[in-house]
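What follows is chain A paired twice: with chain B in the first complex and chain C in the second.
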Partner chain A sequence: MSLLRCTAVTKRFGGLKALDGVDLEVGAGEIVGLVGPNGSGKTTLLSTIAGSLPVSGGRIEFQGRDVTRLSSHRRAHAGIARTFQIPRPLGSFDVLGNVATAAMFGRDRVSRSEAIERAHGVLKRIGLDGHAGSDVTTLTLHEHKFLEIGRALALDPRLILLDEVLGGLNPAEAAAGMELIASLRDDGRSVIYIEHNVRAVTALADRMYVLDRGRNLFDGTPTEVVGDDRVVAAYLGGGARA
Partner chain B sequence: MDVSTTALAQTLLNGALLGCLYGCIALGLTIKWGHLGIADFFHISVVLLAAYITFTLVTEAGWHPFATLLVTAPACFVVGVASQWLFTRLDADDTTSLLLTFGLFIVAEGVASQLWSADLKSMRRDLPDGLREAIHLPAPLDRLAVTPPDLLSLVLAVVMVGLASWSLRFTRSGRAVQAMRQDQPIAEAFGVRAAPLALAVSGLAALSASVAGMAVAVKMPLQPQLPLHWIGVVVVACLLGGLGRPLGALVAAVVLMMLQNAWSLWFAPQWASAVTYGVLVLYLAAQPLSRVIRERLTHERPTRERPAVRSLA
Partner chain C sequence: MRPRAWIEPDAPLLRRVAGIVVVAALAAVLVPVLGSNYIVTFSFQFVVWVALALSWNVFSGNAGYPSFGHGVFFGVGIYATAAVLEHTDAGFLVAMLVAGLAAGGVALVVGLGVFASPRFKGDLFGLVTLALAFVVTTVVSNVAFLDGGTGVFVREHTRGLWVGGGIRHVFVVGVALAALAALVALATSRTRWGTALRSIRDEEAVAESLGVPTYRYKVLTFAVSGALGGLIGAPQAVYLGYVEVGAVFALNVPLFVIMMTILGGSARWWGPAIGAAAVVVLREVLLGIGSPELSQIVIGVFLVVVIAVLPQGISGAFDRLRQPGRSGVRGASGVSR
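Moving on to the complex of A and B:
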């Protein structure tokens, strides 16, 4: 059974159809890459899955349960966590506080002391244990991005939605990020992973979906996706293969 | 004019205790303003309405002032929840909520005038003996005296502000409120139930108005225009103390009332309220300078941890 199934998901912003009948499926322990040109609806789809945006049509099932109308906090309790493209740490909490707050209200409602303990574990895993008491404004870009992943991990989710978490990182930082994402699969967690860097996605993903102008363009293995003419055309323009 | 040390001390003490009462009134406002983003001036009217209900129950039904909380506390809680529900339903932005609450503030004065008339209403004669006689401080301060209603304000301010500050700082719900204040979508993505939490916070903020109202009714004669006298000090105390910081609002209210009272010793009392706004203007004028100094310090020591950052450990 699929962990997540999106069926004909549609999202309108006034007269603009950002998503137009998108289908997507994620299995347990699977990393699914979601790619597409700018404005193709990737982040919008992620937001509808997380419950940050209500859908205009279609259905979203998580673990066989219809979650289409559930609010984002209920989806977090159900086991869906997300990161944001532009890191949004809570500025008046330190690094540990950011992660512990996520742990406190996530899938398991843990006590304050348990949340702190879990947060320390998460910080160690993402390599920020040396910054536990630091002000979040002192973090570098890659630390901010890892903190986003850490906060999502602290919810102990079954599905993590990653929105361009490697964007803007140098090759060494990106490699560490890819290693971290791959380790999520080893935990048995599923991941939907949006990234502009197609090479990074193909290296990590078990399967990929390609969106174009709010619609499904193609899905398949990374090898199939990068070899498909329609995908190349969508990214590079119609005459790219000519 | 010569002022004796005793007169000055008594004046400052009275100001500090009156500031405690204003701190009680400001508590709900600073929480709603700071954590829910709603400058709810109607909260000040709720204090007065609670005071009038307390007055009615004490003078006409013979209730003890504390017992009136059995009626006013749930009633105010419901008013707080209903107002927050209304703001959520209307998806009210800052301007809309400000206009709405100010409109309700004006309407409440009319309602109070209709129900209780514009005359002064005092329940001093109906108070238990223990709440009427002045108490002298122990030696060597025995030349100073306080009244039981003033002490009541002090105790209520310490208890309510302490409880609110502790809850915000150390409880799960307080943590959720802080997260919600900073970034509601992020807090919801963490699993924080923002909508019911906002209703509860608003209800509890309004509940504090019932306690403040009881303290007001015990301390002073009531009249419908009282909120117009309170609003300056209460709003300035919230701003000076830092929105959403109950202890800050209390300290600011105490300092403002001490300054106002001291002013009245040497200058025309009718200008005393201008002291409050003068302090606010000075504070706002100093803001750019303090920001520059803060940025300099941060720039010189970029890795230094800011003291304002909250740690869980």
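Moving on to the complex of A and C:
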């Protein structure tokens, strides 16, 4: 049984159809890459799965349960976590507090001291344990991106939605990021992973979906996607083969 | 402002609760015994403003939803008290309870509706709460049971009651309610509740995605804030003796409360209380110059200067003094965001 199943998901913004009947499926412990040109609806799809945006039509099932109308925080409790493409830390709290908030309100209701303990564990894992008491405004871009992942991880989710978490990072930082993402799969978590850097996606993903103007264009293994002429010609460009 | 560290040991929290209770108990005993009528009257007004500013901040400051409706909750509490005392034989405590429930009920209904739509944020939320003032004023003026346009002589109905026994008794009630507001404010400092409210103020969509039930927290906290505002209306009704719509629902209540919170800052739970103290004392001192208009101008200038010099308010400056070298990096907390 698949962990997540989106069926004919549609999202309209006024007259614009940002998503037009998209299907997507994610199995347990699977990393699914989501690619497509700008404006193809990747982030919109992620937001509908996370519940940040209500759908205009279609159905979203998580662990066999219809979550289409469920609010965002209930989906977080059910085990869906997301990151934001442009990092959005909570400015009232230090780095530890950002992660601890997620731990406290996440899947199981825990006390403050338990949340702090979990948050320390997460910070260690994402390499920010030296910044626990830091003001979030002092973080570098790479640390901000990792904090986004850390906050999602603190929810102890079954599915993590990553929105361009490696964008703008230097090669060394991106490599560390890829290692972190791969380790999520080793936890038994599933990942949907949006990235402009197609090479990073093909290196990590078990399967990939290609969106185009709010529709499914293609899906398959990374090799199939990169080898597909339509995809390569129209969206990935020549560089994808290199 | 340096963001508040997330860890708060439990011992100081208990000590603070004890501190609030002790200070309130001392005030309730010493002020009526030692103070002149003038001092006690002044002290009553003082604790009313402290309670109003603290209770406004519980929701509006913490969650970042500035409301112009706090005068409505205060006014509903005043009128509920007047109505209970006028139409029933129930005592003052029942009237006060009804005042709190009525104001909390109004806030609950408004919150259930307004927070259901993500559109009513920031300025629009402020506008809705402002409109609420006009709606409630119209209703109260036209319902004979409450007012009907003639006003209510509360004084006639408190003669036989303990609370009607003079300003000293009214003050004791006021102090108790200010202490209650302080305890609730403390409960929204570094607790699960406070974390939820602050995450809503910072990034509401992020708070939701981290599992915070934002709608529930907003609705319930707004109701608690409104109920506290209504409760403090009960002794105010007795203090006024005669209540009428024009004075009770004047917009100066929400404006003063917002000004006090900006002055005191909402970086700390007690900030609004400090702001209330500053404004009330300043106003009393300025009475000496004999011109209410001039005194308003001076208070206005004072506010502007404080905002310019201390963007985090007085409590924010206190933090900076305690942690030298950590300069402010964020905008004014709560009110302007």
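Methods note: the second predicted complex is superposed on the first by the 235 of 242 C-alpha atoms of A that agree within 3 Å, B and C clash if a C-alpha of one lies under 4 Å from a C-alpha of the other, contacts with A are read in each partner's own complex, and residues count from 1 in each chain.
The criterion applied here is as follows: contacts are C-beta pairs under 8 Å (C-beta built on N, C-alpha and C of every residue); 3 or more make two chains touch, one makes a residue touch a chain.
In this text the structure is predicted, and so the values were computed from the model without any measurement.
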| item | value |
| --- | --- |
| Superposition on chain A - do chain B and chain C clash or fit | clash |
| Touched partner set for A:R88, first chain B, second chain C, both or neither | both |
| Partner chain in contact with A:G64 - chain B first, chain C second, else both or neither | neither |
| Which of chain B and chain C A:G106 touches, first, second, both or neither | both |
| Which superposed partner A:L155 touches (first chain B, second chain C, both, neither) | both |
| Contacts of A:P171 with chain B and chain C, given as first, second, both or neither | neither |
| Shared chain A contacts, counted only where both chain B and chain C touch the same residue | 50-52, 71-73, 76-77, 81-82, 84, 88, 90-94, 96-97, 100-102, 104-107, 112, 116, 133, 135-137, 151, 155 |
| Chain C residues touching chain A - in the complex, by the definition given at the top | 2-8, 191-192, 195-196, 198-199, 201-203, 205-215, 329-330, 333 |
| Touch list for chain B against partner chain A, complex | 172, 175-176, 178-179, 182-183, 185-186, 188-195, 302-303, 305-306, 308-313 |
| In the complex with chain C, residue positions of chain A that touch it | 50-52, 71-73, 76-77, 81-82, 84, 88-94, 96-97, 100-102, 104-107, 112, 116, 133, 135-137, 151, 155 |
| Residues of chain A defined as touching chain B within the complex | 50-52, 71-73, 76-77, 81-82, 84, 88, 90-94, 96-97, 100-102, 104-107, 112, 115-116, 119, 132-138, 151, 155 |
